[in-house]
Every structure is written in C-alpha cells, then in structure tokens.
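First subunit A sits with subunit B, and in the next complex the same chain sits with subunit C.
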Partner chain A sequence: MLSNIGNLLLFLNIFFSCLIINYSFNCLKISDNIIFKKIFQIGLLQCTAILICFFTLVSAFLVSDFSLITVYQNSHSLKPIFYKISGTWGNHEGSLLLWVIILTFFSFLFLIFNKKHPKDFRLYTLIIQNFLILGFLFFIIFNSNPFSKIDPIPNEGLGLNPILQDPALAIHPPLLYVGFVGSSIYFSAAMASLITNYSNKFFAISIKSWVLISWAFQTLGILIGSIWAYYELGWGGFWFWDPVENASLLPWFAMTALMHSLLVLEKRNLLYFWTIILCLLTFILSVTGTFLVRSGILNSVHTFANDPSRGIFILIFLSLMILTSIYFLFKKYKPINAEINSNSRETFILINNWFMMFYLLTVLLGTLYPIFTDVLTNYKISVGPPFYNAVIIPIVIIFLIFMAIGPQTKWIKNKFSNLKLSFFILCGAIFLNFVIINLFRSYSIISNLVIISSLFLIMSSFFDIFKKPLINFPRIISHISFGFLIFFIGLNHNFSEEKDFNLKLGETIQIDNYNFVFQDLELFQQVNYKAVVGKISVSDTKTKEKRMLNPEIRIYDNPQTLTYEASIQTNFFRDYYLTMSNIDRSEYYNIKFQKKPLMIWIWISVIMLSFGGLLSLFRNAKHN
Partner chain B sequence: MQNTIKFFIILLLVFILGVFFISLNKSSNYDTKYLLGNKLTNFQLKSFYDNKVFINNDFKENNFTLINFWASWCAPCRVEHPVLIKLSKEKNLKILGINFKDKKANASKFLETLGNPYDFLAKDELGKQSIIFGIYGIPESILINKDFTIIRKYIGPLNNKDFNEIKGIIN
Partner chain C sequence: MKLKLFSIIFFLSINFCFAANQIVDENKIYKNLRCLVCQGQSVADSNSDFAQTLKMVVKDLIGQEKTEEEIYHFLSEKYGDWILYKPKFNLENFFLWFFPYFVLITGGFIIVFLIKKRSKKV
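Right, the complex of A and B next:
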C-alpha cells in the first residue's frame, strides 16, 4: 500500500517536472515579462507531492512496514521512534529522496523570491533545476527506489547500524544536504545566466542569499558530523581527513570562494566568469562527493553499501553535468580586460579565492590520489593527516594574515591608512603568544606562527567593531570566529595529552601525573542494547582534580554489533575523554585517555562562523 | 592558445571521469599483494624471551628468512606448525616467529607441546608492530631474502605446497 503510494508520487513528480519544463519553454516564447501562473501552481504541487512522498516513507519506517526493502534493511520494530524517523534518511535510498526534496524546494523558492529578475533568467534556472530533479527521480525509480517491495514480507527488520543511532547523526545529513544540494540552485542559475547573457551584478544579487544559506548549513552540517565523529568513533579527534569528510569540505571551499567573489561582482561588476565557474564547480564537487561516497570506490568510515550500478548512474549524471556546463562556459566565455588595482579590496578577495582554490586542490588531490594510483599502478595507498597537515598548516598562516588585512582595504584603489594600528595589533598578538608559552608550555615554530596569525586576525576584526560607520557586522563575526577556530585548534593540538594502556577491574595504574583506578563494571539493559559500563576514576596528582568517567561498551541486538562509547566530561577549559574496549581472551580492557583543552570552543567557533553566514543572509535580505 | 587550454581542460576532465569509471569495477578492499618486491626497512621487535630488541641487522647473515606470525590461541597456527617444523630443518632458511597478541605462558606451552621451529622469536603484544608488515590476520608468513626484499607472502596456514615452493626458492 505505502509502496504504491510512494511510487505513484514519484511518477507524479516526474510528470510535474516535465510539465514545468514544457510550460517554461512555452512561456519563453512569449515576449512579455510575465511567468505563467500555472508554472507557480505546478511548482507548488510538485513541492507538496515530493513532501508527501517523503512522509510516506517516514510512515513506512514508523509503522515498520517491512514489505519495503529499505525499511527491512534499515529499521527494526523495537527501535526508538526517533531513530525510526531518522532511519528514513540514514540510508542511500531514503537520503536520495531528501536530495530531491531540497532540489524541488529550492527550485520553487528561487522562482518566487526572485521576482525582480528577468523572466528568461528565472525560467531557464527553473528548467535546468528540473532537469536535475528529473535525473535524480530517474535514479531513484530505476536504481535506488526506497519503495521497492520484498516478497515474502519478513517479520522483522535488520535494524539501523548502531553507530548511526545518534541524535547528532539524525540531523547531520539534512543540514549537510541543504548545504550541498542547495548549491544546485546556483548551478542552475549560473547555467541560465550563461544561456541568457544575464551577466551583470544583478546575477550576483539573485544568487547571493542562496549561497549564504547553503554555506551556513554546509558549515553546520560539517560541524555536527565532526562532533559525532568525536564522541562516537572513539578516536578522540574531530577531523580525520577521511575521504567522506573531505567530500563535504570540497564544496565548502568552493562556496566560501564564491561567497567572496560575489562581492566583487556585486560591487564592481568584475569576475563574472570566475563567479560562474565557482557556481558550477560547487555543485559539481557536491555530486562528485556523492559519487565517491555512494559508489564505494573509496573505503571510509561512512561509505554507504557498495553498489557499482549506483556509481555508474551518478557517474553518467556527473559527466553530463560537467560536459554541458563546460560546453556553455566555453561557448560564452570571452576574455575581459578589466584592470584591477593590485592594492584594492578586489585583489584581496581574489587572494582569498586563490587560497580557497589551493585548499580545494590539496584536499581534492589527497582524496583522489589513492583512486588514481590504484587504477593506474595497481598500488593501494591512503593519504592521511601528515600530508594535509604538512601542506595546509603553513599556508593557513599567510591566509590568516591576508584575511585580517583584506577587509581593511577599500574598493578600486586602496591606501593603507591604518598600518600603525595593524603593527600594534601584530605586536599584541606576538606578546599574547609568548604569554601563553610562558604560562603553559612552548610549542613548535609553526604553531607559534599559527597562534600569532590567528590572534592577529581576531584582534584586527575586533577593532572593526568600533569603526564608524559599522560596515559589515556579520563579516566581522565570521572572521573573528574563524580566527578563534584556528586559535583553539592550535592550542588544542599543542596541549592535548593522551595515555593508552591496559587495565583490569580493580586495578590501579599511575602514568605520569595521572592515577587511574578501574573501580567497577556494571551491566545495564536498555531498550535496544545492553551496556557494559565501566567506572574509572582519574586523578591528576598535580592539580588534585579527580573525575569519574563511565565509558561504555554497547552490545546492540539488531543488527548484532559492538560499539564503544566514549565517556566525555566537558567544561569550558578542557574535555576529559576516555574509551574502553575489551581485549579478546583477556580480562584486561584497553583504555585510551585523552585530555583535550578548549575542545568546546572549537565547536562554538564553528557555530559562530555559521551564525555569521546566517546574519549576513538577513542583512542581504533586508538590503534587497 | 585559448583553444589549447580548452582542449586540455576537457582532456583532463575526461581522464578523471575515465579513472572514476575504471575504479568502479575494482575492488576497493585492502590487500597486501603489492607488498611483494618491497623491502622491509628499519623494524624493531621485542624478543619473546628477554629485553633484547631485534633489528634488521640481526637477520643480515641469513640467506633467507621466513617471518611467521602466530599465536597460541590461533587454531590454524596449530595446523601449519608441522610445516614450520619441517622448514626449520632447511639450512638456507632461518625462521623468525612473531608471537601475536598472546600471553607468554600460553605461547611457551604451545611451543613446548608442538616443538619450537623458530630460530628467532619475537613478540608483538598489542599487534601494533605487525601492521608494518601488512598483517591483518594470523597466521601469515613473509619470505624475505638477504637484502630484506619480500619474495613471497602467505596468508593463512602454510601447507605442503607452500613448503615445496619455499624449498624450491631457497635451494
């Protein structure tokens, strides 16, 4: 029953998309600037239909309708309701439906919120976006249908992977999808702009809000994923340069570059083709990321189940997207001989873009390199943190300095009037850095430079708040937050401590200034798992601080899996992080203890960074 | 000039997409076949018996060394043990045993009962050293020559066929 409704709604959506494309082409033939009313009506119907389709799948999960393969494979009747719902998008098929929802809603909202822009530009955007929607709908129906039936109907489901049964992971995909699927709308708008020659600053205005929304959500999505990895995967880190993490970071770099280059297009009518390339690149990178994750060609902690047929479909889709966009880009491209003064705001924004492209290429290379060596030389390698740290960290220092100076500059022709202030701020940053070293501990030269440059950015941006008139508050928030992010990562990296040892129940161990006592081990029965909870006290003999940490080993029944839950105690100064894992054929447990200073501030910095983006969105909406 | 750039951009993109296409049909599972022909460099292993640490130099004199990863709790290791005993009689070959994530008492008992084929015996209590050798399960054995090049890699228990192969190589 639910399967039939779902399938019907999917076909209905295909029909609506075709209708919209058809009416839009018809509408283009008429020379006035009015868009047919029925296009809006069908758009609304399309949104409603896809939403109902999605809720049909949610209901199938809620009532545990195991006649659907997707529900059977990813749910279980005893699972808590919250995870039944989040299970809807915790799998490949369901998450594609979420993709289409975002494609459809962004398509409709772009149409109704851009009334001031020319008809042909809006209609072409709508047409291209609907081609994308069609592509994904075909993919769903013919390859990854969440409404596929199974016969005979199983009595019970296989359950959702326990590491996905987590509140952070329930909201991580939707946030991330608003980010990178949302970028589809400026892909479509960029194509429409090329087709209709709508190439002035108004194009920038038409997509600015969409870039800001997707950027803010992408940032939040990456953050939530990172927090989840921190407490769930038990490695104690927050970024592992895992291929799938990288896949989410690639469009983020492109979006960040785009967000800045749009300013130049809006203010100075320059960098049009570059902006277009960034619009196209962002969504192409999003689809590339999806291809890498879904096709299974990369091994990673969160690779979806491998299925080459999925890969083929996404690859064909990706190839078509790339070739079409390249075709229009090359066809319309004309070199523009605009002079940009080397000392101007434009140049500094371009410098930001170069840095973003550098990071993007570094991460892209690191992510794709293993695939290339495997295909070309049959040699399997993996590129890990040492590569990224070695390439990215030194460049961050220069980037932060430019990021601090850039906003102080003026459009067209700049004259540095505040060099004295910048010099004092730099001295202040160096002084603070040495205070940290003196009070705590010294660190490497590179770390010194990272801390100094991040403090320089924070303080420079901070002084901007007092400038009259206050120019761009959201920008100040984002720049300060980014400075803090790097600052806290730097401190966290340098002052983290880690102890790895084996301990059995009742035993005590002293390592450096830490005393660990394995006091107790208890077994708890929860709704869908059993938990073995350890009581381990940690005392710091130096500071006389004593803490009780309760790491867990969870034994899930459906599917039968062991997971290790870190025990984390957070305060504003540090996190105590402890994981416990059983050792086969032994009464000993492997204990990994970490003290990570200022962890919470890393999360807060990213939230503020994203908040800056949202503030900018409201500011932009108010201005236009 | 512009056309050349365009041509190269398209060529690059087609190349990337082509690589993606080929990789779709390749298994992305990790295997250690590629280690064949590589040289083992700078390893350090704790002796099973005392505090001595084995390094590359300790094996320099051997014409061939078979590095065998084993544990008392591993049933297939018992199966391959007679083959190791037979190999231990070969003059041209020295056997380095690496006792993997095991308890010393159990391991000693294992060797007392079944015989000790090892010329050198090291231990890897946490299984971390074995990663360097590309080990992901035991038993596994690696045959290296005088200059530490990996000639053969045996995943799973050694059998008589492997015995003959090793004998053929070393003589």
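Right, the complex of A and C next:
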C-alpha cells in the first residue's frame, strides 16, 4: 500500500515539474512583469507532494514495512525508533528523496523571495531547477526507487550498519545536503543569468543569501561528519583525507571562493564570468562527489552498496550539465574591461580565489589520481594524509598571511590602511609562538610557521573589531575562527600523545608519566547489542589527575557486527581517548590511549566559522 | 622597510633555533602505511592482525638502524606501492606531485598579469 502511494506521489511530482516548466515558458511569452499565480500554486503543491512522499517512506520505516526492498535492506523491527527514522536517509534510495526535497524547496523559496528581480531571470531559474528535479526524479523511479517491492515479503529486515546507528550520523546527511544540494539553486540562477543577460550586481544580490546558507550548512555538515569519525571510528583522528571526505570538501572550496568573488561582483560589478563559473562549478562538484561515492569507484571507509548502473546514470546527468554549462559560457562570454589596482580589496579576493582553486585542484587530483594510474597503467597507488599534508600545509602558511592583511585594504584604492600595525602584530605572533615552545615543547620549523601565521591572522582580525566604523563583523568572526581552527589543529597535532600496549584484567602498567589499571570487565545486554565494558583507570603522575575510562566492545545482532567504542573524557584543555580491542586466543586486550589537547576548541572554531556565515546571512536579509 | 624585514627574519630565526630535530618516528611510519586488509585505514589506526605484524616488522627495521626511506623501499618491494599513503616521487606520479604547484604558479601569474593590464596607469 505504502509502495503504491509513494510511486503515485513520485509520478505526481514529475507531472508538477513538467507543468511548471510549461507554464513558465508560456508566461515568458507575455511581456509584462507578472508571474502567473498558478505557477506559485503548483510550486506549493509540488513541495507538499514531495514532502508527503518522503513521509510515506519514513512511515514505511516506522512500521517496518518489509515489502519495500529499501526498508528490508536497511531496517529491522527491533531497532530503536530514532534509528528507524534516521535510517530513511541513511541509504542510497532514501537519501536521493532527500535530495529532491531540497531541490524542490529551494526552487520554490527562490521564486518567492526574489520578487525584486526581473521576471525572465526568475522564470528561467525555475525552469532549469525543474529540469534538475526531473533528472533526479527519473533517476529515482527508473534506477533507485525506494518504493520498489519485494516478493515474497520477508519477515525480518537486514538491519542498519551499527556504525551508522548514531545521533551524529542522523543529522549529518541532512546538513550536508542542504549545503551541496542547496548549491543547485545558484547553478540554475547562473544559467538563467547567462540566458537572460542579467549580469549586473543585482544578480549577485539575488544569490548571495543562498550561497551563505549552503556554505554555513556545508561547514556544519562536514563538522558533524568529523566529530562522528572522531568518536566512532576509534582512531583518534578527525580528518583522514578519505575520498568521501574529500568529496564533501571540494564543493566547500568552490563555495568559499564564490562567497568572496560575489562581493566583488556586488560592490564593483567585476568578475562576472568568473563568479558564474564558480556557481556552476560548485553544483557540478557536488554531483561529481555523489557520483564518486555512489558508484563505488573509490576505495573508502564509507562504502555505499555499489551498483555500476547508478554510476552511469549520474555520469550521463553530469556530462549533460557540464556540456550545457560550457556551451552557454562560450556563447555569452565577452571580455569586460575595468580597473583593478594591485593593493585593492578586489586583488586580495582574487588571491583568496587563487588559493581556493589550488586547494580544490590538489584535493581533486589526489582523489582521482589513483583511479587513473590503475586504469591506464595498472599501477596501484594510494594517496593519503601524508601527501595532502606535504603539499597543502606549507601553502596554508602563505594563505593565512594574505587572509590577515587582505581585509586591511579598501575597494578600488591602491593602498594599505595600516601596515605598521600589521608589522607589530606579526612580531607579537612570533613572540607568542616563542612563549608556547618554551613553556611546553618545541616542534618542527613548518609547525612554527603554521602557528605564527595563524596567530597573526587571529590578532589582525581581532584588532579589526576596534576599528570605527565596524565594517563587517561576520567577516571578522569567520576569519578569527578560521585562524583559531588552524592554531588549535596545529597545537593538537604537535602536543598529542599516544600509548599503545596490551593489558589483561587486574593488571597495572606504568608508561612514562601515565599509570593504567585494568580494574574490571562487565557484560551488558542492550536492546540491539551486547556490550563488553572495560573499567580502566588512568592517572597522570605529573598532574595528579585521575580518570576512569570505560571503553566498550559491542556485539550487534542485526547484522552481526563487532564494533569498538572509544571512551572519551573531554574538558577545555584536553581529551583522554581510549579504545580497547580483544586479541584472539589470549586473555590480553590491546589498549590504545591518546591524550589530545584542546580537541573541543577545534569543534568550537568550526561552529564559530559557520556562525559567521549565518550572521552574514541575517545581515544580508535585513539589507535587502 | 628593510629594518622591519630584517627584524622579522631575526625573530623568526630565534624561534627556529628551538625547533625540534626530527628523529625516526615509528608512529609517523605507521601512519604512512595502508592496512592492506582493511577499508581505507592506516596501520597506525587498525586493530587487524596484519597491522600488528607490520608494526613489529617496522620496529625491527628501526632496530636495524634502517632509515625511513629504506623501510618504505623494503615494504613497497614486498607489497607494492599501494601500501604507501605518500606516493613515491617517480615518473608515474610526476603529474600528481607537479600539478598542484603548476596551478599555484599559473594562478599567481594570471593575477599579476591581470593587475598589470588593468591597474591605473601612473
């Protein structure tokens, strides 16, 4: 029954999209500036239909309707309700439905919130967005239908992968999707702008809020993913340069570049074609990321069930998007001559874009290169964290310095406002770094430079708060937070400690200044798993700090899996991080203990970074 | 201006004097090795038997006073370059190592060229 309702609603959505495209073309033929009322009405119907469609799937998960293949493959009747619901978008088919929801809602909201802009621009945006919606609806119906039936109906489902049964992972996909599916709306708007020659600063104003929303959500989505990886994978790291992580980072670089170049278009009517390219690129990269993740081409920790036919569909869709983009870009391209001075704000925004493109292409190349060497020469290589660290980190140093002095410039003019202050701030940053290495522990030259440049950025942005008039507070927040992010990552990296040893119940071990006692081992029966919980006390003989840590080994029933849960004790100075794993045919357990200083500040920095974006969004909404 | 530049370089070099000397660090080596039986995990992060064995091999090689490069060479001979997370700098990987810097330098030239062409003539 639910399957029929779902399918019906999917077809209804296709119908609504076609109707909107049809009416929009009709409306374009009439030369006044009024959009037909029925287009708004169908838009509203379309949003309602896709939402009901999604809730149909949610309810299928809730009542464990195993006549649907998706529910059968990803759920289990004994699973907690919360994970039954989050399981809806924790799989390929369901997550595509979430894609279409965001495409549809952004399409409708863009239409109603941009009343001041010309009719043809709004309508073409709507038309192109609806072509995207149609593309994804066809993909859902013909290839990845969440409402496909299974016969005979199984009695029980296969269950959701236990490492996905987690609150962070329940909210991670929706946040990330608002980010990179949200970028579709400025893809459509950019195309519409090329078609209708709506190329002035008002175009920049029309998409600014949407860029900010998607950027802020993308940032938060990446953060939640990192936090999840930190506590769930049990390795103590939070960024692994895994292909799937890279896939979420690529559109983020493009968005960040776009967010900055948009300012130049808005203030000076410059860089129009470059901004358009970035708009198109962001969504193209989002779809590319989806293609790489869903087709199973990449070897990664995040494996979706692989199916080559999916890959082919997305690849065709992607090529169509890229070809149309390139066609319109070439057709409409005309060089614009305007003045840019070397020490002006525009130049520094170009420098930001320059570095973003460097990061983007480096990460893209690193992600794709192993595929190429494998296919072309049958030579298998891995590109992992040491590669990215070696290439990117030295460049980050220069980037941070530009990021600190860039805002000291003015639009158009060729002059720095306060170079002397910058000099004293740089001396201050070097001095602070000197204090840190002497109070705690020294680190490599490259780390020295990273810490100094991040401190330089933090302090430079901090002094901007006291400037009268206070020009751009959200910018200051985001820049300071980015400085702090790099600063804390640098300190965390250099001051982390790691101890790896084997211990059996009742035993005590002393390693350097840490004393570990394996006090107890208990067995708990939970709803959907059994847990072996260790009690290990850690005391630091230097600071006299004593903590009890309770790592777990979980045995899940459906599907049968073993997971290792880290025990983490957080405070404002450091995290204690401990995992325990059993060793075959032995009463010993392998214990990994890590002390990770200032961990929580890394998360806080990213939240503040994203908050800067949201603040800018509110300010922008108030102005327009 | 010269004085400022000089003083910054002077202060920086004081900091560098305190910089730590890099010794052969086993954890750094573990992090550069892919656990061949896992899904995208390094030997440092993995609990598998393979990773445990490899750690012992690496410790043994360090004990024999082998350098980092020699250890990587030994392991890639045995398991192929797939095991190294930091690809070797060789002909096949030339493009991988070279292209990012090419982008960086070209981008820099484009900006300089653009400003030269477009800035107000004095």
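Convention: the second predicted complex is superposed on the first by the 622 of 624 C-alpha atoms of A that agree within 3 Å, B and C clash if a C-alpha of one lies under 4 Å from a C-alpha of the other, contacts with A are read in each partner's own complex, and residues count from 1 in each chain.
We adopt the following convention: contacts are C-beta pairs under 8 Å (C-beta built on N, C-alpha and C of every residue); 3 or more make two chains touch, one makes a residue touch a chain.
Note that this is a predicted model, so its numbers are computed, not measured.
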{"item": "Clash-or-fit label for the pair subunit B, subunit C on subunit A", "value": "clash"}
{"item": "Partner chain(s) touched by A:Ile312 [first = subunit B, second = subunit C, both, neither]", "value": "first"}
{"item": "Which superposed partner A:Gly296 touches (first subunit B, second subunit C, both, neither)", "value": "first"}
{"item": "Contacts of A:Phe330 with subunit B and subunit C, given as first, second, both or neither", "value": "first"}
{"item": "Of subunit B and subunit C, the chain that contacts the larger number of subunit A residues", "value": "C"}
{"item": "Partner chain(s) touched by A:Val375 [first = subunit B, second = subunit C, both, neither]", "value": "first"}
{"item": "Subunit B versus subunit C as contact partner of A:Ile322, first or second or both or neither", "value": "first"}
{"item": "First (subunit B), second (subunit C), both or neither touched by A:Leu365", "value": "second"}
{"item": "Listed stretches 2-10, 38-46 or 110-118 of subunit B, narrowed to the one that overlaps subunit C", "value": "38-46"}
{"item": "Contact residues of subunit A, present in both the subunit B and the subunit C interface", "value": "299, 379-380, 584"}
{"item": "Contact footprint of subunit A on subunit B as seen in their complex", "value": "2, 6, 9-10, 13, 16-17, 19-26, 28-31, 34, 73, 101, 103"}
{"item": "Contact footprint of subunit A on subunit C as seen in their complex", "value": "4, 7-8, 11-12, 14-16, 18-20, 22, 27, 31-32, 34, 39-42, 44-45, 47, 49, 52, 80-87, 92-93, 95-97, 99-100, 103-104, 107-108, 110-111, 114-115, 118-120"}
{"item": "Contacting residues of subunit A [partner subunit B, same complex]", "value": "291, 295-299, 306, 308, 311-312, 315, 318-319, 322-323, 326, 330, 335, 368, 371-372, 374-376, 378-380, 583-586"}
{"item": "Contact footprint of subunit C on subunit A as seen in their complex", "value": "233, 235-237, 240, 242-243, 299-301, 303, 337-342, 347, 350-351, 354, 357-358, 361-362, 365-366, 369, 373, 377, 379-387, 390-391, 395, 414, 423, 426-427, 430-431, 433-434, 437-438, 441-445, 447-448, 452, 498, 564, 581, 584, 590"}
